[in-house]
Each structure stands twice: as C-alpha cells, then as structure tokens.
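A, B, C and D label the chains in the order they appear, each numbered from 1.
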Amino acid sequence: MIDPAWVSALSALLFVIGLGGAFTRKNAIIVLMCIELMLNAANMQFAAAAVHHGDSTGWIYTIFAIAIAASEVAIGLAIFLAMYGKHESISLDDVDVLRN
Amino acid sequence: MSDLKTVEPFGEGFISALCPELILFAGLILLIVIPNLGSGKFRIPGTQTRVPWLLGGNRFKLTSDPRLPSWIAVLTIGTSFVMTILSFQDGVERTAIVSEGGTQILMINAFSRVFELIFFGALTLASFACMNRLDVKGIGAKLSTEELYNNRRQGDFYILMITCALGMSIVALAQDLFVLFIGLELASFSTYVLVAFFKESKSGTEAGMKYFIVGSVASGVGLYGLSMLYLWAGSLQLDVLATTFAQSGNEALPMIGIGFVLVGFGFKVSAAPFHFAAPDAYSGASSPVAGVLATASKAMGIVGLLRILLIVAAPESSEDGTVWLVCLGLLSIITMTWGNLAALGSTNPKRMLAYSSVAHAGYMLAAITAIGAWNWDETLSGDPGEAAVVVLAALIFHLMVLVAFKLGAFLVLSVLESEGGGSKLSSLGGLAKREPFLAVAMFIFMISLAGVPPLAGFVSKLLVIMGIVKVALGDMSEALSTGSELGLSDVHWVWWLALAMVINSAISVYYYLRIVVVMFFEEAEEGRSGPLPNGWQVRFAILVCLIATLFMGVASEKILQICETAAQSFNYNWA
Amino acid sequence: MAGSSGSGVILDSGMVQYAPLIILLPMLAFPVILFLGKVFNKNPFWKNTLKEGGLIALPVMAASLIISLLLIKDHLGSFAGIKDSLNILWVNTSVWDGGVLEPVTLGFGIYVDHVTVMLLFVASFLCLLINIFSVGYMNTDPINDNKNHRFYAEFVLFCSAMLGMVLADSFLWLFIFWEIMGLCSYLLIGFYYEKPSAAYAAKKAFLTTRIGDVFLMIGLVMMWDLFGSLDYDVVFNSDNIAEVAAQSSGTLQWALGMMFIGAVGKSAQFPLHVWLPDAMEGPTPVSALIHAATMVNAGLYLVARMFPFFGDASMSGELVDLAFIIALIGGITAVMAAAIAFVQNDLKKVLAYSTMSQLAYIFTGLGCAMYLANTLDWQNDDGAHYIVIVAFGAALFHLFNHAMAKGMLFMASGSVIHEVHHAHHHLHHHDDNGDDHHEDDFDAQSMDNMGGLASKMPLTATAMLVGSASIMGLPFIGGFWSKEGIIANAWRVAQDDPRFLIPAMCVLIGAGMTGFYMSRMWLKTFAGKPSNEVAAHVGPTNTWIKIPLFTLIFVTLSAIIFAGMGFTHWAPDSEYSFMSERGLAEGIVYEMKHAFANSDSFFFVITYVAIAIGAILGPGLAMSLYGGNLAEGEQTKPWMKPVIRLNAWVYARFNFNNSSIAESSLTRALEQRLYIDYYYDMAMLKIVAAFSKKSAEADTLVIDGTIKSIERGSQSLSTLVRSLTTGSARDYILMISVGTLAIFFFLWGVA
Amino acid sequence: MILLGFVSNASPRVREGLVKPIRMACLVFSLLLLVLTTGMFFQYFGNVSWMDIQFNDYEYMASYSWIDSLGINWTVGLDALSFPMVWLTTFLLPVTIIATWNEKYGATYFPLLLMMGGALIGVFVSLDLFMFYVFWELTLIPMFFLILKWGGTDRKYAAQKFFIYTFTASVIMLLGLITLFFLQEPNTLASAGTMTGRSFSIPELIDSARTANVGDNWFLGKTMQNILFVMLMIGFLVKLPAVPFHTWLPDAHVQAPTGGSMLLAGVMLKMGAYGMFRLPLSLFPHALYHFQLALMIIGMVSLVWGAIVCLGQTNLKKMVAYSSVSHMGVILIGIATMQPMGWAAALFMMFAHGIISPMLFAVCGAFKHHYHSMEIGAMRGMAKHSPWLATSMMFAWMASLGLPLLAGFVAELMMLIALWHMISLDGWSIWWMVGPALVLALTAAYYLWSMQRTIFEGGEETQPPASMAGQIIPDISNSEKFAMLILAFFTILFGVMPWIALDMMDDWTKQIFEGLIVFVGKGGA
C-alpha cells in the first residue's frame, strides 16, 4: 500500500496547481476546474488521513466534500450560464462592470 | 461547568432541542409544496383516470399569490426567531446532539442561540422587506410588477433564504469543524445564488460570479486547511482538536492548517485581503441580500473564527501568548484601515456600505485579537476569563446591533433601488423631502454606524474598545494602586488596536456624514422628485431596525446581559 | 453667592458717605439721557426745552459739583484725608504663595486726600461749566440736531468716569475709570462719525492710549504682586513700602515705570502724543473738557499718586532714574509740542499742542519733585521738606491753572469757531435750508480765515487773552505762579544731578516758545484786519457760552489768590492747611517776594530769565510777525487796547520776512508733525497690518492647509486603495492567494 | 429638575407649518428652564449654598443605574463649576430664540436649538463619564444640522469639518476615558459594574484620585497620569479650540446661522474648558504640573495667534471667530498659571465670554441679515441708518476687548495678576508677559479697525453694498433689540458685580486647589 504521506504530497501538489491555476486562467470554466482540483486535493488528504489514522470519519468527510464539490459545480455552471447570457463572455477579465 | 444534556438524533428531546431548526426545515418543505398546489391531476398510468393530487396545473388563487412564498418564509424564519428567544426564557439548556459513538455534533447553548438570533433576525427582516422589493424595475428586463409576482422565482428566492438560515444555524451549532464547514457551504451556496438572483442584469450575474468564484477558492483553501488539521489530529471534533493543539500545536502542520481555515472564514467576514469580492457582490446584489451578507453572513464567519481561534488554537493552551496574535492584529488593522479608506471616496452607497462593513470586520478582528492576548504577561496574572468575556460579549453585542443599523441602511437603499436608484450617491438626494421617515432612519443608521452616542453603534463600539483596553491593561490597576510606576510600554500592544479603532471611526464619520448631507441638503435627481414606491413591509422592517438601533443604544442593559451569558457559555473554562 | 459686603464704612466726614453719588449721579444719567433721547428724538419739548438732554445733564453735574464742594469743604483744613471710606469687595479669590493659599480681595472704595480734592474740584467745576457751554454750543448748530442726546449721554458718562477716577481708592479702580474715560473720549472724538477723519482720529486716540494702558495694566499687575493689593491704603503704607524696598526696589521702579507709560499715553506725551491733535475732530466742548482740562490730567494724577513711593524714606535714592525719565519725557514733549504749535494754522490744533506742551511742563515739574522727594531726607529735615512740598505743589498748581486756562481757551476758541461758522453759513447759504455743511472747503477752524475779531467778540477775546497769558506765564497771571515754580525746581534739581539739565533747558526754552505760539494764536485771531469777508461778519456769541467764559476769566485771574492762600503747600497732601498760617495778604506778599525777589541769587536769575524769554521775547517775536491794528473803525474793550496797540507798534516796526524760515525743511517737518505720525502709520500699515495679513494667510494655508491636505491625502489614498479592486475576479483570487501565502509563511516561520 | 437634559430632548420635533406655536412653546419652555435655574441660584429649591460646596461634592445630586454591568449610572449633580455653565445655557436659550425670532423653517429650528441646549446641559450636569461622553457627542448632531440647514454658502463643508474634527478629537478622548476606566482598581468603587468591576462615576473617581495622590504617590503613577492627561486634553483642546486645532471654528462660525453661532460660541466652546476642569485638573495634578509649560505655550500661542489673525481678517464673522480663539487662550493661560486665581479667572472667562460672544455673533448675524455681506468695509456709516445695530456692535466689541466694568475685564485682569504672580513666584521669564500685553493692544486694534469701517465713516452718502443699491436699510428688529439689550444688561451686571458668579467660582477653585495640591503637600512635582 502506498504510504499516505505520498498521497498527502500529491494532494499538496494538486492544491498548489489548483490555486495557481485559479488566478492565472481567464476562462471561468477552467477556474472552476481549478477549484475542483483544490477540493480534490482536500479530498485526497482526507482519504490519506483516514488511512493514516484508521479513522472512518475521514471517508465520510470525503464523500461529503465530493457532494459539496458537485453542488458547487452545479451552481457555478448555472451562474456562468446566466453571466454568459448577459455578458457574452466567460472570461473573468472581460467581466468587470463592477469595480473600484 | 454546568450540566450537559446529551440527545441522540431523533432521540428523546431532539425535537424540543432543535425546535427552531426543525421549524426551518418544515418551512422549507412547505415553501416547496404550497406554491405548487393547484388543480393538477395525476393520470394513473394506462388509464384516463385523473386523480387530483393538487400539485401543478392551474394554481389556486391563494397559492398563486406571489406574496405567499414570502409570507411563508417570513413566518418560518420569524417563528424560529421567536422560538430562539423563548429558549432564553429560563436560561438556555445546554444540550449536545451526539452521534451514536458519543461524539458531539451540535451543541445548543446560549452562544449558539444568540448567534441564531442574529441570523434569524436578519433573515426575517430581509425576507419581510423583500416581500415588495422583488418587483424591481429597470434592472435589465422590463418586467412589470405582475409578471414578476407571477414569476416562479419568488419561491426560489425564499427557499434560498431558508436554506441560508438553516446553513447558518448549523454553523452556530456545530461542534465538529466539518459539520461547521458543511453548514457554511450550505449558507454560502444559498448566498451565491441570492447574489446572482437577478440574472436579468449584468451586474447581478457578474456579482454572483465573482462572489461565487472567489468564495469557492476561499472555501477550497479552507477545506484543504481542514484536511490538514484532520491529517494532524485524526479528528475534526473541536474538543479533540483543542486537546491535541495544547500538546503539539506549535508544529507546522496544524499552524498552516489553521492559517488556511482562517482564509476560508476570512472571506466570509470579508477581512482584507480576502474582501475584494465583497464590494462587488454587495453592489450587484439586491440591497436586502447585501444586508444579509453584511450582517448574518459576517456573523457566521465570526462564529467560525471564534471556534477555530478561541477553542482550537486557544490562547490558554499556548505558553506565551498566542501565535496567531500578531497575524490577526495586523490583519485587523489592515482591514479596518483599508475598508475605511476605500469607503471614503466611494460614490456608490452600496459599495460604501460594503467597505464600511469591511471596516467593521476589522474592528471585530481586533476584538478577537484582544481575547487572544489576555495572558500576555505572567507577572500580571489577572483573571483572563473575565477580560475574555467582556470582549466576547462586546463582539456579540456588536454583531447583534449591526443587524439593526447595517441591515436597516441597506433596506433604506432597497426602497430606492425599487425605483432604479440606490447605486449612486446622488440618487439619495432630496430624500428628506421625499420621505422624511426614510431620511431620518437613514440618518440614525449612519451616525450609529459612525458610532455617535447614544445609539446602538456607539455602545457596541464602545464595548469593543473597552474590551480591548481592558485586556491591554491586564491588571495594571492593581500594580498601580500599590504605587508602581507604569508607562505606555507596560501596556500591551493591543491597546494600539483600540487607538487604530477610534481613529478609524473618526475617518468613517466622513463618508457616513456625506450620505446625510446628500439626503438632507441636496436636491433630488431629475425625475426622482416624486413619492417613493409603496410597500409597507419594507418600511415596517426599517422601523423595526430603527427602534432596535435606538433601544439597544439607550437601554442596552438587558441585551448586554444576554451577550454576557452567551460569552460565558462559549467556553466554560471562562465562566 | 452674593458675597458682597457693604460693611466697613468708616465715616470720617459727614459728606464722604455721599461721595459715591458724585460718580453715580452722572453714571445713571447716562442711560437716562440716551434712552430718552432715543425715544423722544425730534420731539419739540425734548429738543427746545430740555436741549436734547443738556438740561438733564446740567442739574446732574451741578449736583455732583455741590457734593464735591461740600466734600472739599470738609477737607480744606489741614490733612483730613479719608482712606477707604467704603469698601465693596469686588473680586474675592486667593493665590498660591508657594506654601499657603492667601486670600485676595479687590474692592472698591472712596479715597480722599488733598490731591483728590484738588482734582475733584477741577473736574466737577469744569464739567459743569463745559456743560453750560455745550448747551450754547452744541444745541445751536443744526448739524448736531437730533444727535445731541448722544453727546450729553457720553458727556455725563465721561464726567462720571473722571470723577470716579479721582475718587477711587486703588490703582485698580483708577485704571477702570481711566479706561471708561478712554471709551468716552473715543466716542466723543468720533461724534461726527460720518467724517472719515473723525473715525480715524477716534481710533487713533483709543489705540494710542490703549498702548499706554497695556503698560499701565502690567505695571498694576507688577505692583499687585509686590504689595498683594492695589489699595492706596496698603501700597502707600510706609511699612509695606519698606518691605518691598528691602526685597525688590528695582521691580517697584519697573512697575512705576510701566504705569508711567500709561500716563504718557493718556496725557499725550512723547512718544504717545500723536492722538491728541487729531482728537480735535471732536466737538469743541469735548476738546475743552476731555482733551484739555480733565482727561489728559489723568496721567498727571497717576504720576502724582506715585509720590508716596518716591517720598518714602526706604526708597530713598532708588527711584532717581524714573524721576529723571519723567522729567525728560516732559522736557522733550514741551519743546517738541511747542515747536509744532508754531506752524499750526488750525486754532484748535494750536491749543492741542499747547496742551501737550503744558502737560509736559507738569510732568517735568512732577519728575523734579519726585527727584527731590527721593533724594532729600525731607521727612526729617524741615528745609528739605519745604522744598519737596513746594516743588510738588508747583506742579499740581500748574495742573490746576492749566486746566482752568485751557478749558477757557478751548471754550473761547469754540465760540470763535462757532461764530465764524455761523457767519460763513449766513453769508454763503442763506438761500438753502442749511443742512449741507460739508459742501465747500471753508475751514471755520483755520486762523487764516479769522483776524480782527477782538472787536466783534470782546468777551471771547478777553477770555482768550487771559487764558493765553496764563499759559504763557505772564507775570501775575494764572500760570505764572506755577510755571515759575516748575522752572525753578527743574534748575534746582539740575544743580544736583547734571542729567536734569536737559529737561531744565527744555522748560526754559519752552517758556519762550509758549510765549511765541500763544501770542501768535491770539494775534492772528483777534488782532489785525479780518482776513476775509467771513471774519468781517462774525457776531457776538450767546449767553450759554458767555457764562463759563466769564467765570473762568475770574478763576484764572485769581490764581494769585490761590497762590497766596498756600495752594502749593496744601495740594501735595501735606499737613499744611489750605489757608496758610500767614493769612491771605501776607501769603500773597510772600509769594510775590518769593517769585520776584528770591533771596537765592541763582533762582533770582532764573526767574527773570524765564520772564524775559516767556513774556517778552516770545510774544515780541509773534507781534512782529502777526496781527496789527484792527480794521478801520473797529473798537474793542479798553483792556485789550494796549495789547492791540503794542502789537501794531511792534508789527509796524519790527516786521521782517520770515519766508526763508517758513519754507525751510524744519518748518515742513514741523508741519508734518515731525513725521512721527507718518512713521507710526507706516509701521501700522507696513508691519502690523502686513504681518497680520500674512498670518491670516498662513492660518488658512498652513494650519488649515495641513488639515485639508490630510483630507486630500486620504481621498487620493482612497482612490489608490479602490483602484486595487480592479473588477477582475482573477485579481481577487490572486489577492486571496497572496494573503494565503503570507499567512502560510508567517505561520511556517512561527512554527 | 435634574432630568433637564431629558426633558428638553423630548421637546417637540419637526412639525411642518406649525412655526408659531412651536416657536412660542420653545420660548416658554426655555424660559421655564431659565426660571428654574435662576431659582436654584436664589436657593428656592432646597437649601443650597453655592458657596459652601465642598470639593467633589454636588448639589441636587441624583443617581439611577443605567447599564449596571458596565458600571454606568445616570448620575447628575451641580457644583460651583457646572452651575454657572448650566445657568448660562438656560439663559442663552431664550435669548437665542428671541434674537433669531424670524429664522426660517422655525418648526425645526427652534426645537433644534432646544435639543442643543438639552445636550449642553447634559454635558454640564453629568457626573458619569459615559453620560458625559454621550452628551458631549450629542451636542454635535443639532449643531451639525443647524449649520447644514441654516448655514451660509459653504455650509456643507463647514458642517462636516466641524463634525469630523471635533469627533476625531473626542474619540481619542474616549479612548483615554476608557483607559482611565480600566486603570481603576477593580471592585473598589461603590458603583462598579458587575461585568467590568469598574465605575464610570466621576465623583468616585475623583475621590479615589484624591486619596491616592498623597506624598510621592500619584494616582495611577506619574507616567500614566501624563498619558491620560494628553489623551483627554486632545479632546478638550480641539473643542476649546486652541491653536493649532482651531481651524474648524472659523469655518463653522462663518457658515453657521446666528443662533447656532451664539450657542456654539457661548456654550459649546466652554465644554472644552469645563471638561478640563472636571477631569484632568481634578484627577491628574502631577500631569498638570508636568504639562504646565505646554499648556502655557498653547495658551499663549492661541491668544497671540488668534489676535494677529483677527487683524488680518476682512470677514466680520471670521474675525469674531478668531477673537474667540484668542479668548480661549486666556482660559488656557489661566489654567496654566496653577493659581486658584488663574483658575477662577478661567472660569469667569468662560462665563463672561459666554455672555459676550453670543452678543458678538448676534451682531454679526444682524449685520449679515441687513447687508447680505460680512465684509468689513462693505458697509459704512452704519450709525446713521441703523443706530441700534451700531450701538449693539460697539457695545459688544467693547465688551470683548475687555473694557472695565464689562464682564470680560474681570477675567482678563485676574488672569494677568495670576500670570504675573506665577512668573515671579516660580521664577519664569518675564517675557511671558509680552504675549498678553501684545494681545491687549492687538485686540483693541482689530476691533477698532473694524468699527471704523462699519459704524463710522460713510459721510453724506452712506454706502450700502452694491447689491443693495436703492434699498432702504432698516434697523434691527424689535426681537433682536430685545435680545441685545438683555445680553448687554448682563454683560454690565457681571462686569460691575462680578461677585454674583465669581464668588462661587473662587470658592470652588480654592476647594479644588486645596483638594489637589495643598493636600499633596507640595507646590510642584
């Protein structure tokens, strides 16, 4: 079995990629995907920790977190759709009516 | 430590213990069902027999009333509010909802109940005010009032309000950080949608998008922090975490984990530099929703911060002061100064209120910093709990009264918004002539926000400053009374937070007064001189806020006692 | 609460309990006249019968005079001074004296001694006479119609203040009434407020005296600190003076010096003299009363009040410098004012400079007396005692003589101006209603427009003649007696202290100059031929004006009687009684002998030199330049004929062309008042006003500017901060990441 | 009676179209208050001897608990320090109402004045720090509106500046108060709060300070005294206002309506001085000595700078405003002399200036009203067509420049005596005397200068400003006349018989001086 530490390391990597992606990419969908990456990083960490501690709640946390991520995507996509309808763009940089 | 009553889910006493939350749940169901009641018939498959099952079809007259969902929501949240108040009647019974294994999931005590009061109060008022607020004209679509009323989204809006309330109350009750997180996400998702609710407008969708995407990043960071904590402690139970932290809290893992969680909550309370989406969201969202964000949602973030900082990373568990103290102190100063400075030049009243809300977050962070600083010097060992209770009570009181005048201010703006204004300072012009009641109310809210006595805002700010000063001075008074010579260098540095606070309040007066000046002494904009849109509900809500602002300023004694009880029940080591 | 205690009334004299009435009556008349005047303005009864308040003021002043006279009667005998007959606690507080809290009281009371009595008589007597004069002068000039209530109200207020100042029992109350006099002077100079020159003069008068008053106030404060009180009782107490002398006689000298500056301002001495000539913008009765006879004497009175300090044995020799300064200022002013008077053509201005000059004489006299008192062991040595008392007395006597004579001169000049004005009006405006007085450039005060009036206005001319003679110090008349004393004493002191040679020379030369300009004035006005048509049509004056002139001629002429009665010995609050023990006739003889046949050859010479300069050289020169015979057919009173004839003779025989002198730069400088006013004005404008303008700008730009720039700074900071909210969600996420990283590294470092 | 503050706050608020009854009601109400306080002076209500009030003792004291957990009580009382100020406030209220009888929007204006008066009385009667602060800030609100609604052209700026400036200073003062609050020994004072263990009660604080200031011991220690002193003084100095914190005042005054100016100058500025006496002076004797020089310098600078700037003004009201700055310098110097006499002088100055300055501003207001301009020299020969206004102006000006037998003189004289006494006693340089001396002359200069160009001159053709060419210029209205007469009467009354008010002030300053300095047993620290 893989040492949970490696999983943690991977999740840290994922998290950094996610966070980095979130503020470097313009496309809202890709940013959403990066956020999903961050959530998944957390999920992996939970899973690894559950294994590490031999504690089943970690798995429950993971499942819940996946559910949260799923609803987040749903809401996100809905909002993006609405936004596209009005702004005709899903580039984060183009949408800046509200500022200052 | 008073008696702790434990209740298992759906066990004995469950319903009475979680009465307000269950009411909310029931209300949620009703809200989904009732507006859909109609002449709908169900065709039994294979036959032509249609059994009326009352769902769908042509709605009944009553159920098609566009105001029905709001009434249901108001009644639901209002009832929860009343039930919460009632639970204070003979002191809140301390009740824990435990899992089968005996781990505490939710905890009902004065602290959580007081926060529920804040949430429910804000949401009730907001829902009530929205009752005749949704008929927005001019924002994007050219929908008539009737069309809007018939819009099914009426129901959706209030469903989101109730889920928001539900999520928030879970945050207040949670004893497990993950449960807290789930509640937080529930409430957050609701608010994301509420912010973006006016998808017919550019700004509505944009605000929703920004709030959503930035919020998601923040909660992603927070969740990752939680996972780190879990990795370190093997549990996210608050008490377990606290015990573990006391043993090995100085390691990198829990530190960084806590730091990341801080980011998640920091976004909710809109602390700098996590506040950026807030002004956009506030100005894009409808005013009552913005009001909810500025009050209830902020209070929710504060609960999270309190839990994580004061229970988990409790100062009493570390040896010489708290590690996050400097960090939070800096954050608080940056936040309050940033907020005030930004508000100074803002010409959009909603953005201005948003920035002012950022500044208020700074004040609250300062208060939390003060609590963390209580045992800074071992030579002056006072009674730390006493000081902490004072600050915490002040903080709770502050959040409470904030509902009155911050939400009130947003509601006044919402009336203007109904005629398409509210996003420019000049649209407030001539308000005193158009509707003196609103102008006077707004004036009271503004000077209360600025902290002018004898209004609630003054008392709350005073209390926070008092708390900070008390902590900063420790028990210097004792040393002084024995004749020792102490100077400013003997005062803990959190005292300077108090100074920053008062100076910031002084700055803030400038922009609050500007609104007053515009309302009273500038002419109305072109085409805005007529009477304002009708709607007694929103005015009633404003009136309630107004009375609360005045009442909690002049006669704060009773409420202060409640806050004190709540503060004491937050951590039983202090009582 | 009301912590006043009216107790402590010591009744040494039956009259003194009524003394406050002397002050109170006119003070109460002030609002009465003002309000009645306001209400009944233009009412015929008020205007014609009550003379717009003049006939309310008159009985009040008469009552004051009567009470004063009764009070004086009680004190004519040997010293029966009443100190603190009444005590009202005015301010009641305490000071920390480095260990104990000492109670402090500032109270009001009445203090009467010979100096008081002398000045009280002068003040109340002249107030009444000038009141009578005013009725004749003010109410007959249409320009004053419907305004006279203001005049009379301010007039009585002034009288009240003057009498109060004289009667007050402490330097504090002296100062208080002193200031109120200043106010009245201000108001009355500005009576014709529409004239910018009057407004300017009023302001100048108040400001200039105010500068002196500031020093006076500081002097008072210093003195208070030394004695813990300002009551005459306390500060004149020999023991107290000795105590102060032991500690800090230098401070006392400074305090007295400061107070002297106040006196300089009030009595219009160099360098604070500039206001007095301008003050002639006021109505002539005002000039007569305030700026010649009474208020300007306040400074002298103040200095005279300092006598006990100089005279106290414990201060012996300590205050010599101050005495010198007093004498010096007097000497300088005497010559300077006289020189300026040479070239004045305005009748009243000549008199104003004459006033300045004569007051300067008195200052010199006082300074010398102070010097003598301070150096001689006069309290034990009888000879020295006599010298000191007479020196002091001479100065006070000159004050008396000058007040009477100058009051008369001003009234007479007023009557001249009045009639010239009327004549002018009659000649030039007989066809319109007579309201417009300012339309043409005719100056009724200019001597160039007069001449030969001796025949037209005999009484006035007589009064003028007597007054001038008194001021000039013609032998046997009025001021002669006192002036000789002053000159003699100046030289006596100069023998002792060579520094005093300067004032001594000054007063001697000044005597001659006085002779010149006074003669010039009289001659230009009354002798010679009328200089124009107007002067030829001047008529005699009215009865109201005649009464005071007549009275004063007698008072002035009877100076010899006062001298004979021992006025000079009595006035300095000595133990001498008013009627000298020698009796009147013997006294007069004694005075004569003393003056003209002094046993001391030095003083014998000085006397005759002074007479030669003042009574022969000065007038002689004037006669050779001005005047001449009256116009054909004009007759004058017999007693003036010799003067006119003498003048005609001298004028015919010795007339010379003085144009080279008249056009010299010195004359121009004198015409410009030695440029002193000019430089003062420049200093005000260029330095004070400019500096204050700059300060006002600095206040707006720097102090308020700091506030404003803070405001602007925070606004621009706000813009900066808000510009960070770019509107792009990416940047927001970036900021969150930055924050996260910051926290990450911070906590990483901590852990 | 003690709930004066409350009562007048509850006075009728906005009623459109009911100007006359409201105006009358306000007048009657304020007159009632005046009768009440005057009655108190003459001891009609209870047996009060204003002369025998011991240090830290109060008459008509009443206390009700307000917020127990914090130790906040509704405590009010009067002593010889506060009573004259309360009387002054109640006196000025009806006078102001009368003087501005025809102000527009009367239905809101007069109640606002009353509210202002209520708040001011509240400041003076409070014996609880919290209450004191509440009323302190409460005074801002009516004044803010008075300036905003009835002010001049630049009123928005002025009102905001006024509000923010003084608010900033007072929040710093508030922090000082709170710090002081928590430096008390916990649970020692009778009215300590249940939650905080400390009390806001001023009498109890002063008592404990007095007990603690013994020998070498100082209440809270020297350093803390100094720190707190500075923090409190910031609030008071700005309110006073002292140079360099004075720039809000000219703006506020120039823009404020007459009634607002009258109350602002008459009473509101005195709040600063009152606060100094009530708190820092009573609590921190060491700091007082420590900062004596600083106070003296600030006082001198205010005095001289105010006067110099006055001379450079061309706006009548601005000049009067700066003269207030100058006069407030007198108060500071009086305090800095550390002499009971100097303190009494400062108290009397507060009182006298409180009568004189409303008259100054009433004159300014009438001037503005008549000539639509405040420029000195825009209008000359006023005496000709407006003799009442001219007389009032001259009287007020003379009173303000310290003419003897008018109220201001007594204070100035006492201040000078005390100052010189201090100079010679403590060996200060005599150059300190130059400032007041200079100002005595400068004050005369600027007042006379302005009179020369307004009342006097004009000649045959009195010059109304160009904007008023051809109009007949009326004299001041009867109500204005009446108000001026009352003010003038009291100026004379307190000038001739200063003891009416001065005796109790003297008594009080002696008490406080004994209580603080003599009790400690030394003259300095």
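The definition used in the following text is that a contact is a pair of C-beta atoms (placed from the backbone, for glycine too) under 8 Å apart; a residue touches a chain by one contact, two chains touch by 3 or more.
Treat the numbers as computed from the prediction; the structure is a model and nothing was measured.
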Inquiry  = With centres defined from CA atoms, tell me which chain sits nearest the overall protein centre.
reply    = D
Message = Going by the contact definition above, tell me which chain pair has the most C-beta pairs touching.
response = C-D
Query = How big is the gap, in whole Å, between where the Cα atoms of subunit A centre and where those of subunit B centre?
reply = 25
Message = Taking the mean of the C-alpha atoms as each chain's centre, how many Å separate subunit B from subunit D?
response = 43
Centroid spacing, where centroids are CA-atom means, of subunit A and subunit D in whole angstrom = 64
Ask   = In angstrom, rounded to a whole number, how far apart do the mean CA points of subunit B and subunit C lie?
value = 80
Request  = For subunit A, write out the residues touching at least two other chains, lowest number first.
outcome  = 19, 22, 31, 92, 95-100
Note = Touching at least 2 other chains, the residues of subunit C are 722, 725, 727, 729, 731, 733, 736-737, 740
Ask   = By residue number and range, which residues of subunit D touch two or more other chains?
value = none
Inquiry  = Judged by the touch rule stated earlier, which pairs of chains are there in contact?
reply    = A-B, A-C, B-C, B-D, C-D
Remark   = In the complex, subunit B touches subunit D at residues 386, 389-390, 393, 436, 447, 450-454, 458, 462-463, 465-466, 469-470, 473, 475-478, 480-481, 483-488, 495, 498-499, 502-503, 505-506, 509-510, 513-514, 517, 520-521, 556-557, 560-561, 564
Task = Would you pull the subunit B residues touching subunit A in the complex into a rising list?
result = 140, 178, 182, 185, 189, 192-193, 196, 199-203, 205-210, 212-213, 216-217, 220-221, 223-224, 226-228, 230-231, 234-236, 279-280, 283-284, 346, 351
Inquiry  = Considering only the defined contacts, which subunit A positions touch subunit C in the complex?
reply    = 19-20, 22-26, 31, 92-93, 95-100
Inquiry  = Applying the document's contact rule, which stretches of subunit D touch subunit C when the two form their complex?
reply    = 41, 43, 49-51, 161, 165, 243-244, 246-247, 305, 308-313, 338-341, 344, 381, 383-384, 387, 394, 398, 403-405, 409-410, 413-414, 416-421, 424-425, 433, 437, 440-441, 444-445, 448-449, 451-452, 455-460, 462, 497-500, 502-504, 506, 509-510, 513-514, 517-518, 523
Query = What residues on subunit D touch subunit B, complex-wise?
reply = 14, 66-70, 130, 133-135, 137-138, 140-141, 144-145, 148-149, 155-156, 159-160, 163-164, 167-168, 171-172, 174-175, 178-179, 181-186, 195-197, 212, 217, 220-224, 227
